[in-house]
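What follows is a pair of complexes built around subunit A, which joins subunit B in one and subunit C in the other.
Moving on to the complex of A and B:
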C-alpha cells in the first residue's frame, strides 16, 4: 500500500475541518452579514403587497429562496450592480479574461504550437488562474530612484481609466452604466488619459527602456487620435446625436458599416494603434526595447497593466460594435420565458413553488446582450488575428500612415456621409 | 442645471473609483504574500540588459517628430469644431455647409503645408 500522506491523522483532519468552519462562520458574521446589510440600506426597496419593504424585513426574507427574487430585482436596478457586475466591471473583466486565453490559444494554433496545455487538464483552461496566482505571489521590485507614488499609482490608474471607458458602452436596451448625451465626446476625453498615464509611468521608472517606450506610446496615441476622432464623424453626421445609445437605436434597420465602410476600416486601424497591438506595438516592441514602457513593472503591477490593456481592448471592440455593427440589434433568437412558470409556479410532481418576480431579465435584454456579445467577440477576433500574421512596422511608417493616408480617408468618409445625407438616402425622409 | 448636466458623469467617476478601489488590494495582497527577503543594491538597479546602468535614467531625448505634435494641437481643436457641426447637421439649413467647406479648405491647405514641413528633415 502506497502511502500518500504518511503524517495523516484523522483527529488532525477533523480539527482542521472544525477550524475552517469556525473561521468561515466568523468571517460571515463579522464581514459578510454587515456587507449584505449595507447593500440593503443602499438599494431602493420594492413595494410588496402594498407595503414598502424595510431593510430589516428584507434581511430576514433573504433566507427564503421564494421571496429573495424581488430583492435581487431591486438590487439589479441600482447603479452599484451596474458598475460592479453586468454592463460594468465584472462583465468586462470576464470577457477580457476570455480574450487573453483565446488569444494565447489561437496564436499558438496560428504558429503551429500547442499553447497553454497542462494547467487544468482540459486544453490548459486554468492557465489564466495559474498566471494570476503566480503574478500575485511574485515580488514587486521598484527601481532604486523611481518616483514611488507615481510608479505605484500608474497600474491602478490604467485599470481605472479603462473601466471608466467601459462604463460608457451600452450593452442592451437600457443596460448602460453611464447614459450620457455626449457619450462619444466622453469616450474621446477618456481615451486622452491613456497617453498621459503611459508617459507618467515611463517617466517615473527612471530607466531608459521604459522612457523610450513611453515616448513612442505618446507619439503613437497622439498621432492616431486625430484619425480616430475624425473617422467617427460620419456616423455622428448621419445620426445627428452623440449619445451612444442613440447611435445604436438609429441602426435598427441596418448597421452603419454598410454605408460608411471607409470610416469603419479607418476606425479599426486606429483602434489597433491605440491598443498598441501588432502591427503597431512599437511602445512595447520586445525585440528592440525589452518590453517598452512595461519593462520595470513586475509581479502584480504588470498583471494590473495587462488587465487594463484587455479591458481597453474589450471597450474598443464594443465601441466598434456600437457605432458600426448595430450594437444590440439582431433577430430575436432567445425563446420567451415560459408563461406557466409565472402564473402557476414551478411544478415538479406533487410539489409546486410560486416564485414571484421570476423573469429576472426580459427577453429583449437577453437577446440584445447575446447579439452584442456575439458581435463584440467577432471584432475581438479580428483584433487578435493580425498578431499572428503581420510584422511590426517602423515608427516613421506609422506616423506617415496616420497623418497622410488615414486622415485623407477620414475626410473621404465625411464627404460620403454628406453626400448620402444631401442625396436623401439617409437622414429625415430617407431610409430608416 | 449644471448639476444635472454633471450628474450623468457621476457613474463614470463611480466606475473609475470602483476599479481603483477593487484593484488596489491586489497590490497590497501581493506585497503581503510575496517574498521580500534577500535584498541587495543590484536588484533595484534599472533594467539595462544585465549591464551596469550608466548615465541618468531621465535623459534628454531628441523628439524628432516635433512638427507632428504641432499638427496635433491644431487638428485636435479642428476635429472638435467639426463635431459641433456634424452633430447638428440634420437641423441646419443646407447653405450652412458652405462656410464649413471653406473652413475645411483652409485646414487642408494648412495641413498640406505642415506635411511638407515634416518632409524637410534638415530643419528639425
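Moving on to the complex of A and C:
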C-alpha cells in the first residue's frame, strides 16, 4: 500500500491502460484516418519517380522503405517544411530552448550555484520541459480591469512578430523561408513592431508595474532603433545590396567584422538593448518593478512571451552572424556522403539494402547549416554572458549612451565604409 | 477590376480610418490608425513598390504610431482634447471630405490614367537611387543637410549637463 496514493490498485491501472489504448485505436480508426484521407484529397500531392502520389496509396507508400525517402524529399521541398521545420519555427525554437537551458546553467556556474539539477537526472536537462508543462497547466489570470482583447492578443502578436523576424534569416545556401530582395529593410520594419506590442500589452494590463516597464521598454527600444539602423548602413554600403542572402554571399572570402568592427560593436550593444538583456534590462528590472511589462502575465501567456523573447534573441544573434560573421561560409568540414551507399546500398554481410532517395541533404547545406549554428551559438553566448557580469545601468545613462555615443560611433562607421569604398579597398576593383 | 486583395485592403484601410476617427478610446483609435497606415503599405506592395511599402511600415507604423501612442498614454487627455459634440460640425466635416474626394477623383479619372496600359517591370530601387544621385542631387544634398542638422540638434538636446559633473546619485 502506497502512502502517496492509498487507493492505487495495479489491476485498475492496467485496465485503465488498456481502456486508453482501446479508445485511442477506436478514435484513430473512426475519426483520425478519415480525417487524414480528407486532407490528403484536398492538398496537392507530389509527383514521385514520375508517378503521382494518390491519396489511396499514400499509406502504402509511406510503409514501403523504397518510397519513403522520396516522399520525405518531396515534403522537404514544400514551403510548409521551411516555415515549420528547418529554417523556420522548429529550428529556431529548438535553438531558443537550448539557449534557455544554457543560460540558466551558465549563470549558475558563474555565480557558483548548481542551477537546474534534478529534472532528468543528468544536470537537470529536462528542466525546460518541466517548466513548459507547468506553464501550460497553470491557470491564466487576467486582471479584473484589464483591456481584455489587447491583453489576450499581445503575447500572440509578440510571438508572431518574432517568428516573422526568424523567417527572414538565411541559414544555409537557399534555405530561407522568405528570401526577399529587401530583407534588411523588412528586418527594420519588423523590429519597429516590438515596442508597439510591448507598450500595448503594458497598457492593457491596467496595472502600474507593467505600465512603468512598458514605458521604459518604449523609451529604450525607440531610442536604440536609430543606432541599430545606422550601424548596419556600413554593411549595406560596402555590399550594395539589402538582401540578406546577398550580404552573406558577399562574405565568401572575409567577414565584414574585419572591416567594420565599430559597426559590429554598436550593433551588438543595440542588440542587447533591443533584447532587454542585462545591462539594459530596465523594462523587466525585477528588483525594482517586479517583472516590468511581464508582471501580469501568467500561465501560457507568460510562456508565449518567453518563447517570443528567445526567438527574438536567436533572430538577432543570427542577424549578427549573417551581417558581420559571414553566415554559412566556412571551411568544408562535413565529410561527403559515402558514394557506395547511393550506388550499391548498405551491405551487411549477405544482406544489402538499396535505399533510393539518399542523400537527404547536400554536403553544402549541411556544412553551411553547421557553420551558421556554430557562429550563432557563439554570438548567443556573448549575449548571455553580460547577465552574469554587469549590473543594470540607469535609464538616463542608457538614453545618453544611445543618443550621443552610439549615434556618433555609427557615423564613424559609415565614414569608414565610405573611405574603404572610395579608396578602392572594397567594391569594384578592390578585394572582391 | 475587382481584385479581392485590393478590395480587402481598401476595406481595411478605409474602415480603420473611420474607426480611428470615431472610436471613443484613444488607444484603440491609434491602433486603428496603424491599420490604416499598414493598409497603405499593402497598396504600395500591390503597386510593385516593396521598397516604399517597407519604409511605410518602418517609419509610419513603427515610429509615428508609436509617438502617437506615447502621447496618448503619457498625457492626460483632458489637457489635450476638449470634447465638442456637435452634429452639424460633423456633417459639415463629412460633406467637406466628400467634396474634396469627389473632385480629386474626378480629376484623376479625367486625366486619362485609366487608359494607361503598361507591362513594364517595376522600377528597381537602385535606379531610383541612381536618379537621386545624378539628376536630383540638389534635392538630395538639401535633404541630407536638413537631416544632419536635425540629428545634430537631437544630439545637442539629448546632452545633459548635470550628469557630466558627477552629481545625480539620487
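Before moving on, here are some points about what is shown:
Here, the second predicted complex is superposed on the first by the 378 of 432 C-alpha atoms of A that agree within 3 Å, B and C clash if a C-alpha of one lies under 4 Å from a C-alpha of the other, contacts with A are read in each partner's own complex, and residues count from 1 in each chain.
One rule holds for everything that comes next: contacts are C-beta pairs under 8 Å (C-beta built on N, C-alpha and C of every residue); 3 or more make two chains touch, one makes a residue touch a chain.
Owing to the predicted nature of the structure, the values given are computational and were not obtained by experimental measurement.
Superposition of the two structures on subunit A leads subunit B and subunit C into a clash. Judged by the touch definition given at the top, the superposed model places A:199 against subunit C, while subunit B stays out of reach. Once chain A of one complex is fitted onto chain A of the other, the partner contacts of A:157 are limited to subunit B, with no touch recorded for subunit C. Of the two partner chains placed by the overlay, only subunit C lies in contact with A:191; subunit B stays clear of it.
When the shared chain is aligned, no partner comes close enough to touch A:33: not subunit B, not subunit C. Of the two partner chains placed by the overlay, only subunit B lies in contact with A:296; subunit C stays clear of it.
In the overlay built on the shared chain, the residue A:180 is in contact with subunit B and with subunit C. Contact with both subunit B and subunit C is seen for A:222 once the two complexes are overlaid on the shared chain.
Looking at the superposition, the partner that touches the larger set of subunit A residues, subunit B or subunit C, turns out to be B. In the superposition on chain A, A:425 contacts neither subunit B nor subunit C.
Residue contacts after overlaying the shared chain place A:404 against subunit B and subunit C alike.
Residues 180-181, 185-186, 203, 211, 215, 222, 225, 399, 403-404, 407 of subunit A contact both subunit B in one complex and subunit C in the other.
For subunit A in complex with subunit C, the touching residues are 147, 150, 180-182, 185-186, 188-189, 191-193, 195-196, 199-200, 203, 211, 215, 218, 222, 225, 396-397, 399-400, 403-404, 407-408. Per the touch definition, subunit B reaches subunit A in the complex via residues 8-20, 22-24, 26-27, 29-31, 33-36, 41, 43-49, 53, 57-59, 61, 63, 65, 68-69, 71-72, 75-76, 79-80, 82-83, 86-91, 94, 97, 104, 108, 111, 115, 118. Only residues 79, 82-84, 88-89, 135-145, 152, 155-157, 159-164, 166-168, 177-181, 184-186, 190, 203, 205-209, 211-212, 215, 219, 222-223, 225-226, 229-230, 233, 236-237, 240-242, 290, 295-296, 299-301, 303-304, 307, 399, 403-404, 407, 411, 414, 418, 421-422, 427-428 of subunit A touch subunit B when the two sit together in their complex. If you check the complex, the residues on subunit C that touch subunit A are 27, 31, 34, 50-51, 54-55, 57-58, 61-63, 65-66, 69-70, 73-74, 125, 151, 154-155, 158-160, 163, 168.
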